[in-house]
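As structure tokens, here come the structures.
Here chain A shows up in two complexes: once beside chain B, once beside chain C.
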Partner chain A sequence: MPFTPPKESYNGKTFELTIGQGDKAVTVGGENVLAFHAFEGSVPREPAVAFEVQDMPPDDWPETVAEVFKNVSSGPVTWAKYCQDSLGAGIIALRLVSTHPDRGDASADQAAETVRKVLAAINVPLIVLGSNHAEKDAAVLVKVAEVLKGTNSLLGKAQESNYKTIVAAAMANDLKLIAMSELDINLSKQLNILIGQMGFDKEKLVTDPMSSALSYGLEYTYSVMERIKLAALAQNDATLQAPMLADVGMFVWKVKETQAAEADLPAWGSLRERGIEWEAVTATSFLIAGADILIMRHPEAIGAVKKFIADMEVK
Partner chain B sequence: MALTGVEIFKMLPKTNCKKCGQPTCLAFAMKLAQRQVSLDQCPDVSEEAKQKLGEASAPPIRPTVLGSGELAVKMGEETVLFRHEKKFVNPCAIAVKISDTASEADASKVIDDVLSSEIDRVGQKLRINALFLSNDSGDGAKLEALAKLASTKAPAVAAIISTTSPDAADAALKHYSGKNAVLYGANKDNLEAMAGKAKAHKATLGIAATGLDELCDLTEKAKGFGVADMVIDSGARRAGEILRDNTYIRRSAVKKNFKPLGYPVITFAGRDDSMLESLIAVLGIAKYASIVVLNSAERWKNLALFSLRQNIYTDPQVPMQVQQNIYKIGEPGPKSPFLITTNFSLTYFIVSGEVENSKVPCRLAVLDSEGLSVLTAWAAGKFTASKIAQFIKESGIETELETKELIIPGYVAILSGSIEDKLEGWKITVGPREANGLPAFLKARA
Partner chain C sequence: MLIIGEKLSIIAKRVREAMLKKDKGPIQEIAKRQWDEGSRMIDANIGPAEDGGEELMEWMVTTIQEVVSAPVCLDTTNYKAIEAGLKVHNNEWGRPLINSTSNDPERFPMLELAAKYNSQIIGLTVGKGGLPADAEERCAIAAEIMARAMEYGVPLEDIYLDPLVLQIATSQDHAMHVIRAIKMFQELNDPPMKTVVGLSNISNGCPKHVRPILNKYYAALLMYNGLTAAIADSHEIGEVSKTIDVITGKTLYAHSYLEM
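Up next is the complex of A and B:
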């Protein structure tokens, strides 16, 4: 019996967005079908993975992942170079943790100096993230944006409570921007609209609908991502056509499953594999739901996710 | 094939008697076409119409049981493509492969792993659901020996017998009669004989096709041989093929009510690289498999896959919740600590687990916050000082306690003053932020 495949075709497609410059630049987005659905439409490229680097030693990362970077994580420059040169990172995501009022309260100028040094040391595209303290991020990212001018980097994250200053800074310095809202398609849409009303080009935006970890809210992120993708494609809703970001590592490497010793919980199996698996499974779920860029920590988790992407054979 | 409302309408009594609860026969027909009502709600429908409509109004993916007894699992019955539309119904079964070329010791080890795979998670008991017994040797005697070993050591665990030889199937299935096993391996060359064996042993027939055209062909033929229960494999093995075929199958079944593909899907995730295998399994769990077959069952991998399955199959409208109550952990006395949290299952099980770890007997008040976590509930106004005060007052717990002290989650430290205002005579203590700080915190007080 000949079978007629029930293909779906959509009117919309996600925006193509490039970060970085020259032959190391990375482009994401541009597909007119759901994630990896190359069999019924166009998926011009694979999703991208960024390696997370912090501006201070990772004293709250569990051993499994902290250990990988123990010889390089005393400073962001050596750390970033290690990711680029030894681990093959195609994008570096620098998180300015030390600017958080509870984590050292480094000044905006100090942060800008850190960013300047990291920029000088690497040639792959850079994502710069604040410490997730809305007020402080506004002050820090304005200074950081000046340093990033002309590099086509991705700056984040603008949230409902601080977007105005950050959007203005990204615009003035011609940067790409991450807009983050909290697990709700309407909030994502609304923030993107507000940012657009300031004159920011919607094709320079990345949406972060907020991540979560496997077993700690994953289903919320997963479904919000699927809904955003469907609205972007089926309803051709331009306010939801930005590529999506999943900031995975920071949610995964704080849950109990990535920390508890096997001796205490024998039913959970090897701690090392369990932690890496937790990050890889979380990340893969979000890719399936439609994420275009991942931020991750453990090189083996990243390696596994890349093998999964290759297995999809969209190229 | 799917019938339209009008086609269904033609077969109804057309009396508009309203006994079905719909204003007219046409309205009933329209709802039936969308599967919002069931045919038996019309008492007057003719036998002939019943027969014709029965198939069209049956669930788009045939309900099928895997295994027997307490550990049996249901498959099929799904009605949507995306979990935000409506809850996914029957969580995908996870099976682990054992080859009949493995030594008895190796096979026994896998069986033991499966038997001890149960993990308690957020109040549910999760486990590997089936053994996939594979006739890689091509020798029927070897497969039978394996089936015998598995059915003796793990009589309650479901089996999927994988072979292309009807005789080998027959011998192996004897060990699983009446246990809703799957006989996997029916193809274009052996279909009729395999169908016969499946029927004889009341097993579900597993169709092994090479492509969707052939798959449709085989399921239709098997149906012609009198087989009702099937699980289907399009032959997809690479991730991209699995996504494509599983998506086409689910869409055909759910959106077009296309019967030749209206069966539970079996997805093969097996890889030498265990972590990559687990990620292919992630794809199977998220995208429409009813059975995912793995090569190995390491505990770290089980935990992650069970958790994902639980996440994907939770109700998107109603978070998992526990009942509002004051729960005793251990045997608390009048001086034991008294804590409060929300009724989101995840929150409750994490907190009660850590209290248990502390070995300090406690009372844990669980406030109905509509299944929201502590911070979400706080942000949504469901975990407020007045609600907490009212709950504590009405619970009458005061009489059981020597000191009126309540420990609140560290993340809502901001509530302590206002609770003290509303709960006269009570002392509010701020606990640690993360529950894993509870054992040290409780021990330090004891």
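Up next is the complex of A and C:
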């Protein structure tokens, strides 16, 4: 008797989500199987990768990744245009680092102005991220949301402590929204429920279960993502069927392995290759766990991830 | 667990009057309320309906589905009324459920309808000669129903075996027989057979204030033993159903799980 490989089938599927407009719009999600399991069901969309851009020079990025942008990173507009026009970015993720009270404490109005300028300079979809300071983000993202009105951009991140204001702003301006919880699947579900109870359309949501870097908690993120995907598919749990986001670059480019000099640790090999591979391996792990949108920094790491996606023959 | 809302029954005075007058108002209000409380299928019990059964079931199915996006459980012994209901049933939100076939030859034709209309069907494990004595007897009858279903071309996945819940006030032993039967039914096939009970029958004849208590605890025990569905009052057992689903790992826990 010939061997027939067993196939899993599921009751649920994830929501399709589109960000941006026109022919540059990007759609992710809609699959009814685990990541890359097209042989078991339907995987209509590829995961997407966004290039991270900051609203201030990347003074805390290691040389490997900072030098790529050294001629453009003095301003977010030139930086974003470089990513779009020269590096082929399909999505820009603008992080408003300078609004953080410890990083310059730029005002909400200044942040809104930055977003307005970046929006005017690019035609690919935009993700706008606060500085991960819950209180300040609430104030900043409300102003930013007004500027983003009508652009179908993705706004983030709403957390347990600030979601009410940010959800209201996203609703009022018809934006997509990232809901982030801290590596806890039950709290992730709870936050999605609370956001839904405010009247926010669950099909406009992106779940960020919180990222991590290889050898610095990657297995926690991986496991939470995998369990979210299984609850979405096997238990048909609509509160967990939003596409997932992995904010990879910010975690990878601060760990020792992407920073330690070759002179100090010759056994670890080339610092440059080490950093790029660290980001690529972290990112592909999350793709396998079920991430739909990645935010990354180094173009060569992004290139490796895109090649991986193509090799997996998602379509 | 799937809750099949039991409130649209001809036994209830308000429902009976609405059925007689073909007054959609009360029927739709009750159907909608059950949906809001968590019923994902609505039972339409029109009794034996010897006169005008076809027209009545047709009216019930369309009246319910006008306001609720759920399948209907067609509950009558009248074969023609079931067929009339199946013909108008909107399968967009799930397939209908025939209530029911059994080991009584008079109920065999219901299987024919299930096959013809691609409907699901309840297999009540009773025969013509009275009530089953214990879980083993219920299983023997279940096996006969399953064999017959295959002859009629009804897939076993489409059958919900019903062990027949009896009143605790008069047949106390059967409360445990039924729980054992639910467990044993699942072992009759791989994948496990689906199961259903008419839950509130356990407390039939008991004082009014005791009834919800009996219904809820019995539901919890049955669910723990793998019950797939219950024809029940969703207002009464919604909380039990969600909680046991969380405890047994069928739903992921979140602080607001009861609100979902």
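Throughout what follows, the second predicted complex is superposed on the first by the 314 of 315 C-alpha atoms of A that agree within 3 Å, B and C clash if a C-alpha of one lies under 4 Å from a C-alpha of the other, contacts with A are read in each partner's own complex, and residues count from 1 in each chain.
In this text, a residue touches a chain if its C-beta (ideal position, glycine included) is under 8 Å from a C-beta of that chain, and two chains touch if they have at least 3 such contacts.
This structure is a prediction, so every number in the text was calculated from the model and none was measured.
Chemist: Considering only touches as defined above, state whether A:V305 meets chain B (first), chain C (second), both or neither.
Modeler: So A:V305 only meets chain B here.
Chemist: Looking at the overlay, does A:Q190 come into contact with chain B only (first), chain C only (second), both, or neither?
Modeler: second
Chemist: Per the overlay, which chain contacts more chain A residues, chain B or chain C?
Modeler: Tallying touched residues of chain A, the top partner is B.
Chemist: So, A:S74: does it touch chain B (first), chain C (second), both, or neither?
Modeler: Neither partner.
Chemist: Which of the two partners, first being chain B and second being chain C, lies in contact with A:S9: first, second, both, or neither?
Modeler: neither
Chemist: For A:T284, select first, second, both or neither according to whether it touches chain B, chain C, the two together, or no partner.
Modeler: Only chain B; A:T284 stays clear of chain C.
Chemist: Classify the contacts of A:T239 with the two partner chains as first (chain B alone), second (chain C alone), both, or neither.
Modeler: Second partner only.
Chemist: Which chain A residues are contacted by chain C in one complex and by chain B in the other?
Modeler: Touching chain B in the first complex and chain C in the second, residues 227 of chain A appear in both lists.
Chemist: Residues of chain A touching chain C in their complex?
Modeler: 185-187, 189-190, 193-194, 197, 227, 231, 235, 237, 239-240
Chemist: Which residues of chain A touch chain B in the complex?
Modeler: Result: residues 1-3, 5-6, 8, 36-39, 214-219, 222-223, 226-227, 230, 256-257, 259, 266-271, 273-274, 276-278, 280-281, 284-285, 288-289, 300, 304-305, 307-308, 311-314 of chain A touch chain B.
Chemist: Contact residues on chain C for chain A in the complex?
Modeler: 250-256, 259-260
Chemist: Show which residues of chain B lie in contact with chain A when the two form their complex.
Modeler: The contact residues of chain B facing chain A are 82-84, 119, 121-122, 212-213, 215-217, 220, 238-240, 243-244, 247-248, 251-252, 255-256, 260-261, 273, 275-276, 278-280, 282-283, 286-287, 298-305, 307-308, 310-312, 314, 316, 346, 350, 373, 436.
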